[in-house]
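Same chain, two partners: subunit A is paired with subunit B first, then with subunit C.
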Partner chain A sequence: MGFHFNIARDDLLRAISAQQNITSKKGTMAILSNVLMEVHPENITFTGTDLEIGLRQTVPAEIFEQGILTLPAKKLFELARESSSEVISFKEQDNNWVEITAGSSLYRLAGMVSDEFPSFPDYDAEAMVEIDAAIVAELVDKTIFSIAHDKENMYSLTAALLQKFEDGEHRYLKMVSSDGHRLTIMSREVGEQVDSLQLNPVTLVPRRGIQEIRRFCEERDTVSLGIEPKQAVLKSDDSLLIIRLMEGEFPDYQRIIDSVPRDNIITIDRLRFLEGLKRINLFTEDVFHAIRIDIDDNTLVLTSQNADFGSARDEFQVSYAGDPLSLGFNCRYFIDALQVMEGDIVEASINSNESPCLLTSEEDEGFLSIIMPMKL
Partner chain B sequence: MSDGRKIIHVDMDAFFAAVEQRDRPALRGRPVVVGGDPRGRGVVAACSYEARVFGIHSAMSCARARRLCPEAVFVRPSREKYQRVSAQIMAIFFRYTDLVEPLSLDEAFLDVTHNHAGIPSATWIAAALKKEILAQTGLTASAGVSCNKFLAKVASDMDKPDGLTVIRPEQALAFIHRLPVGRFYGVGPVTERRMHALGIRTGADLYRYGRRELVASFGRAGEFFHDIARGIDRRPVRPRRERRSMGAETTLARDTDDRQQMMAILADLAGRVGAGLEQRRTGGRTLTLKVRYEDFTTVSRSRTPGTIFTESGDIMAHVPALLAATEAGRRKVRLLGITVANLVAIPAHRACRQLLLPFVPLPREGRRDGP
Partner chain C sequence: MSRIRILSEHLANQIAAGEVVERPASVVKELVENSLDAGATRITVQVEGAGARLVRVMDNGEGMDADDVLLCIERHATSKLHEEGQLEAIATLGFRGEAIPSIGSVSRMTILSRQKDAAMGTRAEIRYGTLQRVHEDGCGRGTVIEVRNLFGNMPARKKFLKSARTEVYHIEEVLRNQALARPETGFSLQVDGRQVLDHPAGSDLEQRTRDVFRYRDTLLPLAGAPEPGDGLHMDGFLLLPDAVPASGARLRILVNGRPVQDRMIRHAVVDGMQGFLMKGRQPAGVLRLTLEPGQVDVNVHPAKREIRFRRSGQVHAFVRAMVADSIAAHQETLRSELFAVPAGRGEPPGPETGRAATAAGTAYPSSSGGGRQTTVPPPGQDTRPPVSRFREAAGPAGAGGRDDFPEPGLLRVAEPGATSADVTRGSGLVLIGQLFELYLLCEKDNHLVVIDQHAAHERILYGRLRQGYLQRSVPRQGLLFPVSVELGPEQARTLEQNLEEVRALGLEVEHFGGSTWLVKAVPAPLRSLDAGDILLEVLEGLRSAGGRDRVVAPAMDSLLASMACKAAVKAGNRLQPEEMLRLLQEMEESEVFSHCPHGRPVIRRFDRQEIEKWFHRT
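After this line comes the complex of A and B, so read on.
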């Protein structure tokens, strides 16, 4: 009667913790908060989805009886997390009940039949290319923070844009994100295998999908990536992640980059700048985190003011030969960008308190950040 | 019943039409309708007394007005001119008192209990106002004088045009009791129908209802109806009416189901509202989108996201979602409007404004994948 197997607690915990990020919590369809467990002769497949993102994992186990059933992902995750025994045993009972034994603990967990569980999307395994997981992770880490959070802005800004381009012999993957106030770009050189990667005219990966891609790259050396008209596919030996892509247009960011003149440059010690910003941020107002940056004759002064607490000021040397500038900014935007940027020296191009500020570093070639000022 | 106040309500007679007749002698004595194109979809903004004889009144469609009176002269409104004349008239009011509450370009309440000239007779002041308005602008006004706003307004309407009516406190009840409820402040067509259904047709009928019964039927407005039926109206004359909201709306030249066109129009409206907010250094907590479909049914969709709307960008960020929550596009739309309400002044230290990246609207083709 139904499945019966033993599974290593750590294997179960690893699989189910990834699943419970994805399975729906909102309860639009009860079955979506469950994970589908398909017990095969050699292993078990776990499948979870919220209809936007789907994750399928194959986990080794000691199988006694095959079977198929769905169980609540969150409860399963908590159960595995609290369990101290090395092996956890699952035995299906009548009426979709599952008896779970973990050391001295015995649980009875109510499952649901798999009939209503959505079918997992097909994908084109031929169209996938292998890619260094660290490269994908870096693309994500350096752009994810400026993806728009909600649908307040242009809808497509709640996704990151994925592109590829060639420069001579070199090939690059590029990720772009913007929340309408700032724009971040990261490009990384990749091998010639990406020549066979087919991107869409506009490939938009929603914010949550980007988060899952980042998790997927954790603890893996390489991943296979495929982009299809409606979905992005990531694959490793034992896991498969499918993300529904967003439809839409992405703004013409290149025009904004081109519009920033690169002749008025402030050269700044990145870590010193970051330290100063973090201190000054202690005295900003919530929400806007407004700070003032005054630059005159190689001296940069940061000031902030908080109506309830008081004010803060920090000053350090930079290299700047242009006219004095007095600028307002959201402090967080600079912190976000400088934190992920690499290199000791950052170059900031800015012309006025109303024009975009462009941040680059010679030591982090693919990275570019544009931050719009704040009118104080 | 009377708290000894002396309130004047001044209402210009057929203001827009009168200004046009004043400036264009050829229009004098003829039915004049100020408003939209009678072949188009505009409505009557104002009409001369000669036009009213034919049954034309404001807010009627111009097409209907033309059917009622084919010989009427249709004039497009010139708001700036009316504003200039209005400013002249308001200046006359302020010579007598600072307590002037303009209701629109052509209408205002004045509290002359304590006036600059030290004149004890409000009736005398009302007559003087009318005389000065005529002398300076060549236009006639009707004035009502009484002990509160409600009665003053009723009075100004008693003897139009060029009237001057005084309702003394001791006459007030008799006046109110004869008055049809439709003429009461705050009683629109819907409330009027509901009152009629309850057998309330005049002030006297209303007077017979208790406070509790009226509140049960009409909510908070019931309190007010109960009081004014007794001649009690304590609303002060508010010199500068505080703005509660800032909005703009427009009737489209043609009904449309093209969402892109709607978005372009909404962007324009948002720009106007945003400019108004910036100019007054205010922001609003609530954004409302108003949509009128081709069959004149009107819906509105609101959002109070917890942030403050201070400029057009803030507004436009929410407009697509609000529009998507209507049937615009699936149904044709004839009017669009944007209002920001729950206004709050922006304190100086919060007035900082995050600028937006200057993204240009996207062309359909021609994006590039450059480095």
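After this line comes the complex of A and C, so read on.
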């Protein structure tokens, strides 16, 4: 007669809050807003999926009876969050009802049979390599902001490109993202084990998958990573994340990087630049955040104008020896890049308002950002 | 022996009938057109059995003599076309000489005709293509053609006829179209002995339009001054888009008196009504286009339903411009009807309230007669909205002089505390108050005026945003990966002719080679949309505007509209009287106020009679 178990409230909350990110997507299949609970003799596995991303977690519990059922993830999450009891008890009743006892509270929650729940994809455990979770997190953090949103124009830009390359003795993983107006690249050195990691010719991880990877890397020191033709797999001791990869082409970004001349360089104090941009942004137009950057004789002037409110101006010292420049940019693009960069000093290679601006920092090896100017 | 043979004439007629005579309505159309070409001023159509049993068309036209009656049943016999050169410039409705023999080949047809001066008429009977009998017979002046047992020899075709209701509907449509093409001609239709349509002779287009559409509301006249030298002329009437049910009426297009279905003209009308037509609504009314016969090819479709224009781009731009002018004229009429201060009532009211006096310090010239003013209070003055033009009647004293003013307090919807704002006037529009926290109720010249506050405000904001957008140059966001677009020859020509304009709209386009163009920068506000789509939409806009207006990329328009929508007051916002007056004033001052950017109406008017009918006072 169904499952019966006690589970620690914190364990349940941790598992279900991770699931809830995936199951909360709106869709036509009601069962996908549920989480599949499989109660084994030793533990429980929670599985949730939106067909694009699947997450499976194994959680210890005190098991009395085994069983299998799906329950609404959102209600389960809210129930666990509101509960003050340390242990929550689940007991399945007739007709897929589950009686949940949490301290003084008693809930009856309607479940759904697991028959309709999509089967969890298989994966190749052999092809996985162990990797430092912090490295994956950094790759994501420094590129996620410039992945195109779903509504934007180029479909394949709604994913990040994952690549690996070697430079002499060193091996690197690289993540690239672009929304068509800017491009961000982050590379990190990784160990030899990555040699056995097989990437696809073009490995595109969709934006939502990238977000889940970032969450997966929190609270973990190492993760195992595998890339298969159709899916990316991340694995830790108790959890498994499978992301369906996107098919498509990624534009030839290297050609753009190569086309930017690196001889006209402005050296800027990163934090000072960021501060100035944030102030100036108060007076930009809401939709496109246009600012003007004028650089002449070691002075950088930021100006913005809003038809309804007025205008703003900020200036500070930079190091620049070239010809005077006057350029237009989307302020947000600079703010996004400067916020994730490390180091006190950034270098911007700018030539004209026809050609892209390239941002790097000596103290942030592996990071590179390209921003297309705006003609005002 | 050769396997290729010339078709027998009978077979050829039957094949032609397949093209020309599709259903009973086609018979009616062909016969009515013949009657019109014969100069009839009164045409009566009688139908039995949905036209399959009998179609009888009677006219008072010039009639035929015995020879003509016999000749007209021969294929390619026509009185309307004598030499090849005339095909270039067809002025009559029929010309192919196919209709009568085609109909004759698939029915039992009787022709009875008498010329004005002849003593006797001629009667000819044709049975499925064979002439049975010809003899003299007495009859009235003109021609009567009876078509019985249509498709009697073609059971397969007969099976394809739709329900009686459908066939009768098509016949009615034929007559409605012809009635609009010739308002001076009388038309009547009897179906199984019952009078269905009766349009008296000697009408004009406006009256005929009302009759045909059974429409009582305002008609927007389409009066087109012909462009010099083109011989292009247009007249007609559009129905007020808000006043007709979505499915009820439709647009009837007549080119040189011929009802046609033409997507290009329909598109031009929809274009011209942009912003006044709700999504999913179709324009309705009648549009009569006259142009030199040489400028249009009617010989494209056997039933002449489709036509080709020699210079379709020009016709499109012309129709669009005329429709836009008519809409704009209506807007001005509405403006003066709503906001004009009637003579004798615009005088400053007696005692000003203290608040109105401080609001702007000076009274605006209130005898402006509703002309458009965009007066701005002098800087440094009270920043409150300049409401002085909307004088407030100071309680009973203020309303004293005007008998037709409602008693203050009776119609009070304002905040309980606002004692001074019982009745308020906005340049002739008397504000009653707010209804359902969404509608402004006003009174004007025996009308109750209901205004949707959200739609009204949205339109004002949209107008302002659009103007700002047009005045400034649009920042262009460079693309990292230029987008290549394939352009057709016409699109490429439009682009080359308007490179500067396209650039001013924020697009940077370069010729890449062949038919390929590269978009290198897009308008910054639209940067997340597909660059190719933006370009194609802009080109389409440029083409249809024909260089008359400044074009806004449609995507930009909808962005501006959604910005305006978000910023506008919503349903459920309780407005203070000052705010409502301000809104009315801004409506008066804005270029377009009657429809929100999505084409939804802002204003509805109910006249006094209509309201009195609710209470059976009439």
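Side notes on the structure shown:
One rule holds for everything that comes next: the second predicted complex is superposed on the first by the 372 of 376 C-alpha atoms of A that agree within 3 Å, B and C clash if a C-alpha of one lies under 4 Å from a C-alpha of the other, contacts with A are read in each partner's own complex, and residues count from 1 in each chain.
Going forward, a residue touches a chain if its C-beta (ideal position, glycine included) is under 8 Å from a C-beta of that chain, and two chains touch if they have at least 3 such contacts.
Given the structure is predicted, the values throughout are model-derived calculations rather than measurements.
Bringing the complexes onto one copy of subunit A puts subunit B in a clash with subunit C. Residue contacts after overlaying the shared chain place A:Lys164 against subunit B, while subunit C stays out of touching range. In the overlay built on the shared chain, the residue A:Phe309 is in contact with neither subunit B nor subunit C.
Looking at the shared chain after the overlay, A:Val202 reaches subunit B, while subunit C stays out of its contact range. Applying the stated contact rule after C-alpha superposition, one finds that A:Phe64 touches neither subunit B nor subunit C. Between subunit B and subunit C, B contacts the larger number of subunit A residues. By the document's definition of touching, of the two partners only subunit C reaches A:His149; subunit B does not.
In the superposed model, A:Ser259 lies in contact with subunit B only, and not with subunit C.
By the touch criterion stated above, A:Arg182 is placed in contact with subunit B and with subunit C alike.
Residue overlap on subunit A between the subunit B contacts of one complex and the subunit C contacts of the other covers 151-154, 178, 180-183, 251, 253, 256, 285, 287-288, 290, 307, 328, 330, 354, 356, 370, 372-376. Across the complex, subunit C is touched by residues 148-149, 151-154, 178-183, 251, 253, 256, 285, 287-288, 290, 307, 328, 330, 353-354, 356, 370, 372-376 of subunit A. Interface residues of subunit C, counted against subunit A in their complex, comprise 468, 472-473, 475-481, 483, 508, 521, 524-525, 527-531, 559, 563. Taken together, the subunit B residues at the contact with subunit A in this complex read 305, 307, 317-318, 320-321, 347, 349-360, 362-363, 367-371. Contact residues of subunit A toward subunit B in the complex are 151-155, 163-165, 167, 172, 174, 178, 180-183, 187, 201-202, 249-256, 259, 285, 287-288, 290, 305, 307, 328, 330, 354, 356, 370, 372-376.
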